[in-house]
Each structure stands twice: as C-alpha cells, then as structure tokens.
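Heads up, the next two complexes both have subunit A, just with different partners, subunit B and then subunit C.
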Partner chain A sequence: MGVVGESVVRVDAASKADGTLRYTDDLPFEGLYGAVVRSEIAYGKIRAITFDASFDFSDIIIVDHRDIEGRNANVVLTDDQPFLAEARVRHIGEPILLLAHRSKRRLREAMAHITIDYDAQEPVLSMEESLALKQRLYGEDNVFKAIHTVKGSPPQKTGLFSLEKTYTTPHQEQAYLEPQSMLARYDGGRVKIIGSMQCPFFVEAALEGLAGEKIEVEQAPTGGGFGGKEDYPSLIAGYAYLLCKKAGQDVKIVYDREEDIAYTTKRHPSKLRYRSRFDATGKLHALEVDVTIDGGAYVTLSPVVLARCVLHAAGFYDCGYIRVDARAVATNTPPNGAFRGFGAPQVLFGIERHMDDIARHLGLSPAAVREGNLPGAGSVGVSGVPIAEYARLRDLFETARRESGFDAIYDAPAPNRGIGMALFMHGAGYTGVGESMLASSVSIALEADGSVEIRVGSVEMGQGTLTALPQIVADALDLPVGMVSCRTPNTAEVADSGPTVASRTVMIVGRLLAQAAGKLKTALGDYGTPDAYRAAVARYCKSGGPLQFGASYEQPADILWDEDLFYGNGYEAYGLGCYIAEVEVDPVDYRVRVVRFDAYNDVGQVVNPVMAEGQVEGGVAQGIGYALCERLVYEAGRVYSPHLSDYTLPMAPDLPEIAVRFLGTDGPSLGLGELPMDGPSAAVANALVHALGSAFDALPITPEAVEEACR
Partner chain B sequence: MNYLRATNLGEVTALLEEYPEALLLCGSTDAALQLRHRPETATLIDIHALEELKGVSAEGDRMRIGTLVTLNELLYSDAVRESLPLLAACADTFGSHQIRNLATVGGNIANASPAADLTAALVALEASVTLASQDGERSVPLETLFCGYKCTKLDHELITAVTVPLQTGSWYYRKAGMRERLNIAKVSIALTHGSGGFRISGASLGPSPVRFRTLEALLDGGVYDDAAIKAALENDADPSGGYRSTKAYRLRVAFNMIKEALSQPEER
Partner chain C sequence: MQITCTINGKIHRFDCAPETRVLDLVRDAGMTSVKAGCGEGECGACSLFVNGRLVNACLLLAPQIHDAEIVTLEGLQEETAAIRESFAEHGAVQCGFCTPGFVLRAYDYLSHGGERSEEAIRAALDGNLCRCTGYKKIVEAITKVKS
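Let's turn to the complex of A and B:
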C-alpha cells in the first residue's frame, strides 16, 4: 500500500483545530494549585526564611527540601542540581519552597508573606567572568565540561592567508504555545504524574530518585516543546509530586508565560572564535575553533550540547587540520538546556559566517569558496572519520546553487538587497555512544480486530509523531494507516523508546517499529488482501502466539566511537541542508526583511511530505527569529522583560514564502526535526553582509545593530 | 477590589469625585498591565455602557470622536478615512484586529504612554479633548493634557471626546517596530503640511507627545538642510534609550522619516 511518502492528514489536526484536545490545564481537576517560591538573588546563602506571623498559613501546604524522602537531586548527567535549594542559591528564580492551596489568590497572598534573608555574594553573570573565576561555582575552573579534539596536523605550506574572527549567539526562548504544566494525581497514597513533556521516561527516572520509588508518568497532549520540555519537566513534575504527596490531594502547577520565560531553560549563548588558514582560492588548510557556551547555574544537558557543538563546528568542509577546543561554563543565571538544534545552530552560524568572511577577505564568491571546500571520497570530518555524505552534499549544493540563481544575484545585487547561503548538516540521533546507551526498545500490539497499537515513549509535541509512526508501521504491514494507532505514552504501559529529541523519532524509533512490524508480519504469514489479513489475524490469535512484538536498538557494526579521544562516527547519519536567503534592508528604519527563502534538504525518504514541509517552514521561521529579532536581555542575572510583548517572535507577515525542496529521497529516513533551525541564521546574516558590506557577527541582528553598522 | 459600572456620564463624574484614584475601564486592553504597576488601585469604574461616549460625527470643519470609539471603528469609518486619512493610517498599524476591536481612542490617550500610536498622530492633527467633571465640561488642546511619562493633568475628569480639525493638504505617517504587525512603536512620525505650515509629532520620541516646533519652524522657513533638520529634531525630541531601542536609533530613524516625508509628492 506504501503509505510512507504520502501526506496522510495528521491524526490530531481536527482536535487541535476545534479545541477539543485536552492539554494538562484542561484536564478535569479537583485539587490544589501549586506555586514556587524562588530565589530573589543570583548567588548567595539562605540565612533565614520567615513566615509572617500575621498571616494564617495553616491551610497552606508548604514543602521545603526537608520533605524530600529520596534524593534532593535532579539527576540528568550529574547530580549537582537540587529540586529545592537547601543552604545556597545559584540563580535568580531557583526554587526554595513550594506552596499549594485551592485558591490561586490565597497562594499569591501567602507568597507575599514569606521573607527570605540571604547572604548575597557577587554573582558570576558572564562567560568571561566565569573563566576569570570571579567566584568558584563548579570544580576548580567553573568548567562543566571541556572537549578538545584535533584532526590532522598543522599545514607546512607557506604563503597561506589567515583570518581570525569571533562570532556570538544569544539566549533563545523556545516559546512553545503551551507553558510548562504538570498535574499530580493522588489516588490512595499513590501519585501519578500527567503533564506536558517530551521524555516521560526522563521524568520517571528523576522522580524515582526524588521519591525513592517508581512513579507512573503519563504524557498529556503537549503544546510544543522545541527542547524546552526535554529536561525541565522533571523539575516541575518533582514539585507537583512533592506537594501532592504532602497534601494527599491532586496538585496542578501551570506556569504563566512570565514565569516560563524567566526561569525555564533557554538555548545556550555561545562565543565562537574561528581561526582559519587558506590559500588564494579560499581552500581551507587549517581551522581552529574555540567554543564557549554558557551553561547557567547547573550542568543539566550542557556537556551533550557541547559535544554537538564540537561535531558541527567545522561543518562538513574538507580541511586537513581541524582543531576544536570547547567548554561549557557555569554562571549564576538560570540553567540553559535543550533547544531545537542543540548546539548545532550556534556553531553552524560560526562556520557559515566564517566561510563568507574568507570569501570576502579574498574578494571571491562565497559559493565558489564553498565549492572549493566540498568534501570528497577521502575527506575526513572533525572526529577523524570519512564524511560518508560527500556525494549527496555536493549534489545538494549544486542543485541549490543552480536552481536559486545564486551566482547571478550575488554578482549583480539590487540596492539594499543581498543574498546569502548556508551549507550545513545535522547529526541525527544521540551523539556518540548515546543511542547504544539508551538501548531503546519499541513494542507494537496486535488487537483481535486486526488493528495495531504502537506502544512507545516517543511523544507528539506538534511534530507529527502520532501520524508518522503509524505510517511507518502501516507501510511495513501493508495496512491502511487508519488501522494503526499510538497508545498514550505512559511509563507503566509502553516501551522505553528513548526521549523525543535529537531528530531521532522517525530515524531510530521508526526503524525499530518497522522491525517489530516485520516480526508481526512473519508471524501472520502470507496475506495479500484485507480479507486475507483478517483471516490471518484470526488464525494467529487462535494459535495463542504472543500479541506483542518488539525490537531494540543495536548499534550498527560500522559505527565506532571513542568518547575519550572524541574519535569516530559522532552520529549514525546526517541530514543535510543548503539554505539560501535574500534580504532587503529598509533604508528608513533599518529593518531587515527576508524577501525570499529557499530551503534545500536531504533527509532521505520523507515519511509525510506535507508535515515535513511544515517542519522546515517552522524551523526556518524560528531561525529567522534567532537571526533578526529574538532578544532576551538579562540584568544582574534576571530576565529583564519576560513577556512576549518584548520578546519579539516573527509572525506570518514577517516571513517570505519558504520554498521547500527535498532531495535524496531514495535513502533511508533520517532526522528532520532540528535541521531547519540550523541554517537560517547564517544564510540571513550572510545575505545582510552582502547587502551592506558590513560585518554582522553577533546575533540577533536587530534594526539597532543595522543602524549602527550604517553610520 | 471595587468594581463599579456606570450607566451615564453623571454617574461617572460623581464616582470620579468620590474615587479620584479609580482606574477607568474603557477598552481595557492595557488595564491588566496598569493594575500590575499600580497594585494600590482599589476601584475600577467601567464606562463601556455609556452611549453618549460613542460614535464619530462631523461638526463643520471638525470631527468629533467619542472616547469609546474603538480603533477598528476609526479604521473602518468612511468619514475618518476620507477626512482624517492620517488617523486611519495610524489605526491601521495599531495592535492586532482583536486589540483594535477593544482598544479605544480615550483609553489610548488617558493611558499616556510615550509609545501611544494614536496620541502622537492626534497631536500632529492639532486635536483637542473634551473633559467632563462634576464642575462641567472644558476643552483643551490634547498636547497640553500631558505632564510627562504616563502622566496626565486629568483632575477628577474623564475624556468624553476628541475633536480633530479635518485634514487638508498633505500628510505622512510611519511607524517603526520589530516586525510588520503587533508592534509597540520604537519610533513613529506623524506629519501634516497645509496652508498653516507643518505640524509634526511622533511616538516614543519623548516622555509624552509634543509638537516638534523647532523643526516645524525650520521647515516652514523652507530650510530642508540635513544638519539643520537633525539639530531641530535633537532639540524637539527627547527619546529614551532602553530595553526596546536606543536613543541613537530613534533619532536617526525619526530623521529618516522626516526626509522620507519631505521627499514625497505633495498631492497626498
């Protein structure tokens, strides 16, 4: 029947459009609202907590760290982050106490009657202050994780040109539609967690440490994640759990937008120094990259974000000597975390701006410089192994360059207009040994009526899992897609297919599901028609064979990885992109409008073309926002304006028509989720450099920055 | 909090006498924010029901716009589009369709935000406001209503209407923001040019909107020199540099807008 490759209508489209879908805050609820009392200072010790004697706290549930029965540590990669501060606070907004009450108003009043005295210390508010050890926040050097990798040896050739440039990228807010929300249900001493999340099994693991026992965790329909619901929900689930356990009632915590913007995780800011040596044609001979990212107050996911930074820092260009020195540092700001692209958008901005700077330095076309550095059969990437995708990358680049008419527009630009390009890749799946450590498994269940239920922890968060995974299973079984559905991700009922991150759902989980479906098909024997299928199911069910079929991840034999040497295949496969932007600068108000955007992608077989196009359009919109307008200002460690009125996101009228093309669709399906976030910022910035002839090395490029450059 | 709903003007003025610190609810699009910044506000007086504060009517060479007229009513009023095209153009850049359905002329003025779109346009149009209290009515030029950042001279009074001379001659209006729609003005310029000369004002170019009189005089004198325009703007405008934009950006863009206005054909 071949439903893979068809634009099957999203199974959740109607309920989202007509408003009948129930998000966490819409679920029937008779219980208490939870609230978080947070640190008002960025760094220091808690001296005393005073409850105003004139206020009646008797009906308020109050939780502090002493109420934790298990460990007061949100274990992600390390255990440095407490659920609730004990003696010391490390960022503004750090949770200290939890309150619950039936009335939100009474909660607000109660919060106003709690005073926390601190011994405030000078906080570390920037990466520079952190590396200068203004305060010792973590280890000996404030470095959460450092990675150094060298490939090849420095060129002996003389007469090379050299260029050194520093590029910076800022925080970015995920701005999902639905803020962080969590509901803890109380049932006779047992607690069940339901909420907005990407990774139910992460939440389960975090709660197991907190509670000392396994807690059932269920994903509610989730109104967007973009990485913001990868690690953070473990914390808010912990808060709901603690309050629920103490109150003996349901507890719901729903952040308002202000709280969400101010205190939940953001994209890591970065400082990227690129030093290159190249010949007169622009051919790279040496590339030295120095990457620093701001992890915020706790380790969280920073080491893995940093690993992705390193593996994407040089792009896929052919270069005999590549050295990357990277570090994630501690500061007294709220912890940064996962965001679509996970470190790649930062460094790909760096390398792709740098390729244009090399071209500018030599007076050459940026397309020609990229062409001269395309990898070939013998080219080796930053981690020392051949770039297997070289032919597909060349095909993508040449097609994009030709079809977009890049050269003609670049050579004869219109006034105030410019064209820019970004050529990039995104490693799909977990970095390094991540996938084999996850050892994901999947399960499908055959029902008596012949329908099939997918039982995995991979979630729908707007990207189309509920539609794409049934397409893959239906395709493998030659069934109509309507006969396959997904069970609600609940840690007590589904297989742990790993977190819904890293562009891995279709590639890794989809592949495992196809394997599981293959086992079911073998068990059923031959069937050609729907009638024959039903007969085969009836026969099989009568035979008493197992009704569940599973598969587990096994690392492909040709993948090797040495974490200590940072050597090997960082990823099983890469999605590829060549994005081209044309911008126009308004000479009156210096606003930059992206007037045309061509997104050429190679992600192998596209499972659902319309949904895939939507993913690219959304990623490009997010990338354009990152490039031009999204700006989060921190003052003394506090988000200055945590409102969407000032955190300006691009809207439909701000975006051009985005032309989306997919090449290389005959290969296996690769990840698509994060790729479209990686390329737009460099393409837009390069176009702006072309338009104005000025350097634009720091994101976001606001009209104020353009005005300054035009002075 | 005390919520009071008035049904006629007499009731409102009486309530204002009794609760001078009350917040009047007009379109209410900014009320939640106001309350956050003024938590001491104890009384809300809702005036939505007052029919006498609604409607647009031509009165000779002037247009009377009731305080409860919404931004969409302005935008879609044939009379406003024909006789006050600058005001219609301004309304067109205001908020979103949903916000324009609620936001009112009187609310935009009384809110006294330096970024208020309509207020700057009305100042350039030489509008006056009618104020009512227990003591009766008075009319003052809109420009004189303000006493600084988010400050008005309203004294136990409400704004009942705005009266605007019908536009003659040419005009220019432009607003700069981060994106196409839903912008809080970083800078806007409203300009008219008729037999009486230039009238120029702008949003986010000072604590409250004022006529740019040095600039008006300069242009009335026929001096279009860049340096002189810049100097005049720096004299008239006093933009803040803060979170939303820089002082340099605001002044430069205001200058660019003035130049753009002067370069446009006169027949508009």
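Let's turn to the complex of A and C:
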C-alpha cells in the first residue's frame, strides 16, 4: 500500500477551496483589537510620550515596556531585541506602545492623539555606513557575526586568468497572502495564543521569557509563511499577550498589508565579491568570496543565515582553494530574517553568475565550464569534507543539459532571446550541529478504532505537512492514508519536533515519524490485512501497553561538525538543482519575459509528486520575481511604498510554463521547500546576459536596469 | 448610516460609518471566505459578486452596496462544486488563502463561456495573486473542470 510516492489529494484542499477553513482572523471573536504605536525615526532616544489631554483615553488599554513582568527581550539567538522600546529606538517602526479597544476606529483616533518626541541621531542606513562605523550600533564593529573559512592552499600554478566581480541582491518580501495575525484568548487569568505561525515552540519560548511562565501556543491555519512566519510571530504574539493580560479580554492583532510589508522581516540584502583564478579551460583553481549581509537593527536569525551563505558560497564546484569571508552587519533598518532559501539564494546568485562570467571571459560555453568544474570522488566542499553528492550532481547536470537542448540553443539563440543555467545545491535540515541541538522529538498515538494521530509541532502553511506526514506514517504501517491524521500543533499537546523551517519537515520529522511508526508496528505484531490490523489493535489495546510511540533525533555517527573551525558536514544531506531559463527581451520597452523554465531536481524519494511539483513551481515563481520585478525601495530607513501595487509580484500571465522533473528518486527523502528558490535568479540573469551581452550583476533586473545596460 | 443589501439571498441591514469597507462588512456578517489579502485591489482574495459582477470587496465602501445583491463563495457552493473538486484534484490549493478568490474567478470565467485554453485562462487570472503555487496547477485545474 506504499502511499509514499503517490499523489494523495491534500487533506485540507476541500476546506480551503470551499472557504470554510478558518484562519486566525476568521475565528469567532468578541474582544479587543490591538494596535502598535511605532517609532517614526530610525535611530535616537525617546524624549517624551504625550497623550493629548483633549482626547479621552480612559477606555483604551495602553501597554508600554513597564507592563512587562518577565524579560523585555525577544530571545532568538541572543537577547538584544526588546518587545517594546524603552529609552532608545533603532529602526523606523520599532514598537513603543500597544493599544487595544473594541472599536478599530477609536483605536485609530487614539493613535492620532499620541505624540512621541525624540532626540534623533544620524542613522546607519547601509552596509557600507555600518562597516565604516558611522555610528556604533553593535559591539565594537557593528558586526553581528563574522565567519572566515579557508580550504586548501592557494595555487602555485602560474599563467592563470583571474576575474573579480561584485554582485548584489536586494531585500525580498515574503508576501505570504495572509498577513501576520495573532489572537490572545483570555480564560480566567490565563492567556492562550492562537495564530499564524511556522514555529509554535519558538513562540512559546519567546513568551515564556516575556511572561515569566509557560503560555500555551496553538497554530491556526496559516496562509503562507516562506520564513516570514518563523521568527516574527514571536513579536506579535508578545504584543497580543501583553494587551490581553492587561485587558483581561481576548485581543486580536491583524496587520494590514502596509504594516506587514513595512515592519516585518525580509530577505537579507547582500553584497558579494567573487575573485577567482582559473585556467584556459575554465577550471577553477582558486575562489575567494567576500559576503556582507545587512541584518537590520537586531541580530534575530542573521548569524544562521550567514552560516548558510558561507556553506553555499562556492556551490558544489571542485576547487583546490576556497576562501570565504562573511559578515552580517547592523543597520538602522527593520530587522531582516528568514526567507525561503535562508542565505543560499543570495550567494548562489553570486557563484552562478560568476561561473557564467568566467565562461564569457574565456569565450567558452557556460555548460562546458560547469562541466569542467563538476566535483568528483575526491572533491571537498567549502567546509573541508568530501562532496558526497558528486555522482548525483553529474547525473542531474548531464540530464538537464541534454534534455533541455541547452547547447544548441546557446550556440544559436533567436534574436532578443537567451538561455541561462544554474547548477546548485541546498543543505537540508539545520546547519552544522543545529539538529542535534534541537533534539527534536515526535509522537504518534494509536486510537481505539485503529486510527493513528501524529502529534508534532511541524505546521501546515501551504507546503503540505498535513498530507505528507500521514503518508509517511501510513506507509510505514501499511495503512490507508486516511487512517492517519495530524493533531493541531499546540505546545501543550504535541511533541516538540522543532521549527517548520529549513526543508526539514519531511527529511527529519518524517524520518522520526517512520521510526515511531516502526515501534508501533512491532508492538502490534504481524498483520497482513485490514481485518488482521483491527484485530491486532484490539488485542494490543486490551493488553494495556502504551498507546503513544515516540522517537527523538540522534545525530548520525558519521556527521561531524566543528563550529569554530567551520569544518565538517555542514548538513546531513543536500538537495540538488539544475535550472534552465529562456528569456526574451522586448527591444522597445525592455521588458523581460521568461518564456521557458525547466527545473530539474534531485531531492531523493518524493513523498507526494503533485505537491512536490507545486512546491517547485511556487518556488520558481518567487525566484523569477526576485530576479525581475520584486523591489522594495527604502528611503531614510523606511520602506518607501509598502503596497502590493508597488512591490510587484508575478501574476499568472507573467510566468512561463514551468516544467518540473525529479531525478534520483530512489534516495532517502530530502527537503524540498527551499531548493526551488535558489536557482531561478541566476538562471534568468545568465539568460539575459546571453541575450544582450551585457552584465547583469544586481537584482532585480527591472526594465529600467535592462534599458540602462543596453545604452 | 443604514445599509440594506442581500448577502447570499438573505437580507442584511447594517448600521455603519460610510467609510466602512464592504470587505469588513461581509466578513463581520460571517462570510469569511472573503479574505483580506492586500486591501488595495491587487490580490483578488476578497472577491465577491455584486449584482452579478465579480469585484474586490476591499475597494468598495458600504454605500456602494445599498440595495445590492451580494453573493460570496458561501452562497455558491453548489455552482462551484466541480471547480473546487478540480482544484483539489490537480493540486491547485496550497496555503489556501487565495483559493476562494480563484474559485470565484474561475466560476465567473467559465460561466461566461471562457475558452479552455491555457493562455486565455492565464490572462483571465491577471488580478488574482497566489504566492504559493506559481499558478500552473490553478490554470491546469480550470482547464480540466468537468462540465
């Protein structure tokens, strides 16, 4: 009955399509609406807060930092970010006060009657200003985290060519369609949090610090996350909690789109300098990469994003000398955070553009240069250990090159058209020893009717958890998938399976669930038919054995990682991609259309092919948006136009037919969520370089940028 | 001010400020299939029918629906059954937040005799945002709705 590998229809499809599924803002609610009063300046001290005496504030719940009973710190990796500003603000939009009232209108009026005076200081608005120490924002040097790593030794060979290029990538907005929303339920002195989130246990941990006690956190159906609901929900949950606690009533906070775009976390912008040395065939002999990412005003997840930048900076190419110097810096802009790909899309744009630049420099084909640099049995990656995936990578590359007809199109492109390629990998699961630190656990429960319930903190946010995890358990138990379901993730009721991030749900949590299911199966003894299964369940239940079965993560013995040396297996395994884009440029208005996109992936065994294709198609769409149209303009530390009318996302007519292929499906299941975001931007940019013969080194490549390059 | 309209065949009376968005009005009346995605007419998540025309509820103010006939997905369950089935079967639903809007868009398109070609359907979907799917499966689902 091997349900793994079958395109089971999503269990939540019907309730989503008929509109009956209730997201946070749709839940029955009688209470107060919450709102956030935010800093108007990017950097400075709060001098005074004035409540207009002519306005009656008596019925408005007002919270400031003095209402916090626990710690005023959102502890992610460190504790530098307060929930509510005390004396100083570090970015526009930093929360200072919270208000709640039954009427949204009265809330707005109240907000208009509060004045905050500041002693403003010159803000640090760019990575350059930060590194030049225009102001000291963090530590001695404004660097949240720096990583330096060297592998091999510089080539002794003479007569090598060299190339140095700088590539830049911008902020990117997650643009999940459901804005951040959180509901705090008040029940006789206790608060329960329900909301849109990826990581209920992260929220629970953040609230425990804030409240000084454990708060129950439940995930509501979540309308997209893409990383934007990894760390940010802890903040908005904190706001809802504080208001709810003070008001003694339910409080709901739902951001409107403007607030969501302007103040929540984005993808880190990056500046990437690639210096390479190579021979006349394009074979790499040395690669030096310098990476700077903009963390914004607080540390949040930047150190981990940076680690992912370093581990992906050289791709999987074979090179005897790789050096990476990377840093995440502080600026007075809203903090940046997790976004699908988590540091990899930035550097993979860099290395994949650079491989094409090397080819151009030598007048060779980009496919030939990549082929000459494919890793082999002895090749080691940037963290000093062999690239175990080398054979699969070659397979993927060769298949993609052949089936897409890359060479023929490259050699004879149609007018105004070009073809581009990106060959890349994505580490699945947490970086380094992250997984063993998380020590995830899972639990499944056998019900008297023989059905099985999965109890994990992994959430459904559109990617298919509620369907894929039951498929895995049903497969292990030889049951129809309908016999297995997931309990709503609630920190009081499920096992902490870690956050729903880093392409780890199927790979790590799925594997643990299969182990737990194996224990259940052993307990039940042999059963071959549904009837025999029911009989076995009845026998077992009567015997009084435990009804819950668990499993916990144990680091595989052959995985080693030294964080200080940045040496070892950065990941347990990598997903692989070879993406090919064909673009057409309109010579009149400089619009770029991607006319064809082929996505070849190797992510091992695919649990649900239709859902997996959907993940790739959606990721490619986001990647094409990142490449061509998604642009946030910041002015003096503020998002200039926080609207979806200005921040253009691809719509249906803007996208080509995306052809998705999966190779290597016999291996263990690897993460798939992030991979498709990594390759498109370089493939599209390389295709444009091919079409127009100009350099496109900065994203997004808008029509204005194309026009500029053509002039 | 007083606003009277029918929503899914039932008469509703609202006492509301004239600047109240129709989006909030119908959601408060319990029609939560109408979602607030962008609030400015860009995403189509708040789609509903007003006197037979598919419009974005976030762009309408209460007085504009006085005496009007409003229909939301809640009131079109039977009519959209085949479309919804096709969406589920072809993997056109991911996070689902955009889905009610797309189902209504597809219903509007097909019931006006829209052509079943991929290109025409893609063009018809301009105005509905989906951040999850990349649209391919939505287009496929609409092409394959059983009539």
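As a convention for this text, the second predicted complex is superposed on the first by the 711 of 711 C-alpha atoms of A that agree within 3 Å, B and C clash if a C-alpha of one lies under 4 Å from a C-alpha of the other, contacts with A are read in each partner's own complex, and residues count from 1 in each chain.
Simple rule for what comes next: a residue touches a chain if its C-beta (ideal position, glycine included) is under 8 Å from a C-beta of that chain, and two chains touch if they have at least 3 such contacts.
Bear in mind that the values here come from a model prediction, so they are computed numbers and not experimental data.
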item	value
Touching partner for A:Pro587 - first (subunit B), second (subunit C), both, neither	first
Which superposed partner A:Arg105 touches (first subunit B, second subunit C, both, neither)	second
Which partner reaches more residues of subunit A (counting touched residues only), subunit B or subunit C	C
Touched partner set for A:Ser645, first subunit B, second subunit C, both or neither	both
First (subunit B), second (subunit C), both or neither touched by A:Pro653	both
Which of subunit B and subunit C A:Cys629 touches, first, second, both or neither	first
First, second, both or neither for A:Glu178, with subunit B first and subunit C second	second
Partner chain(s) touched by A:Asp119 [first = subunit B, second = subunit C, both, neither]	neither
Touching partner for A:Glu707 - first (subunit B), second (subunit C), both, neither	first
Shared subunit A surface residues [contacts with subunit B and with subunit C]	645, 651, 653
Residue ranges of subunit B touching subunit A (in the complex, touch as defined)	174, 176, 178-182, 184, 186-187, 243-246, 248-249, 252-253, 256-257, 260
List of subunit C residues in touch with subunit A within their complex	17, 27, 32-33, 35-43, 45, 72-74, 77, 80, 84, 87-91, 93-100, 103, 118, 121-123, 125-139
Subunit A to subunit B touching residues, read off their complex	587-591, 629, 633, 640-641, 645-646, 648, 650-651, 653-654, 702-704, 707-708
Of all residues in subunit A, those that touch subunit C in their complex	7, 9-10, 12-23, 25-26, 105, 174-179, 221-224, 226, 254, 256-258, 461-464, 610-611, 613-614, 616-622, 643-645, 649, 651-653, 655, 657-658
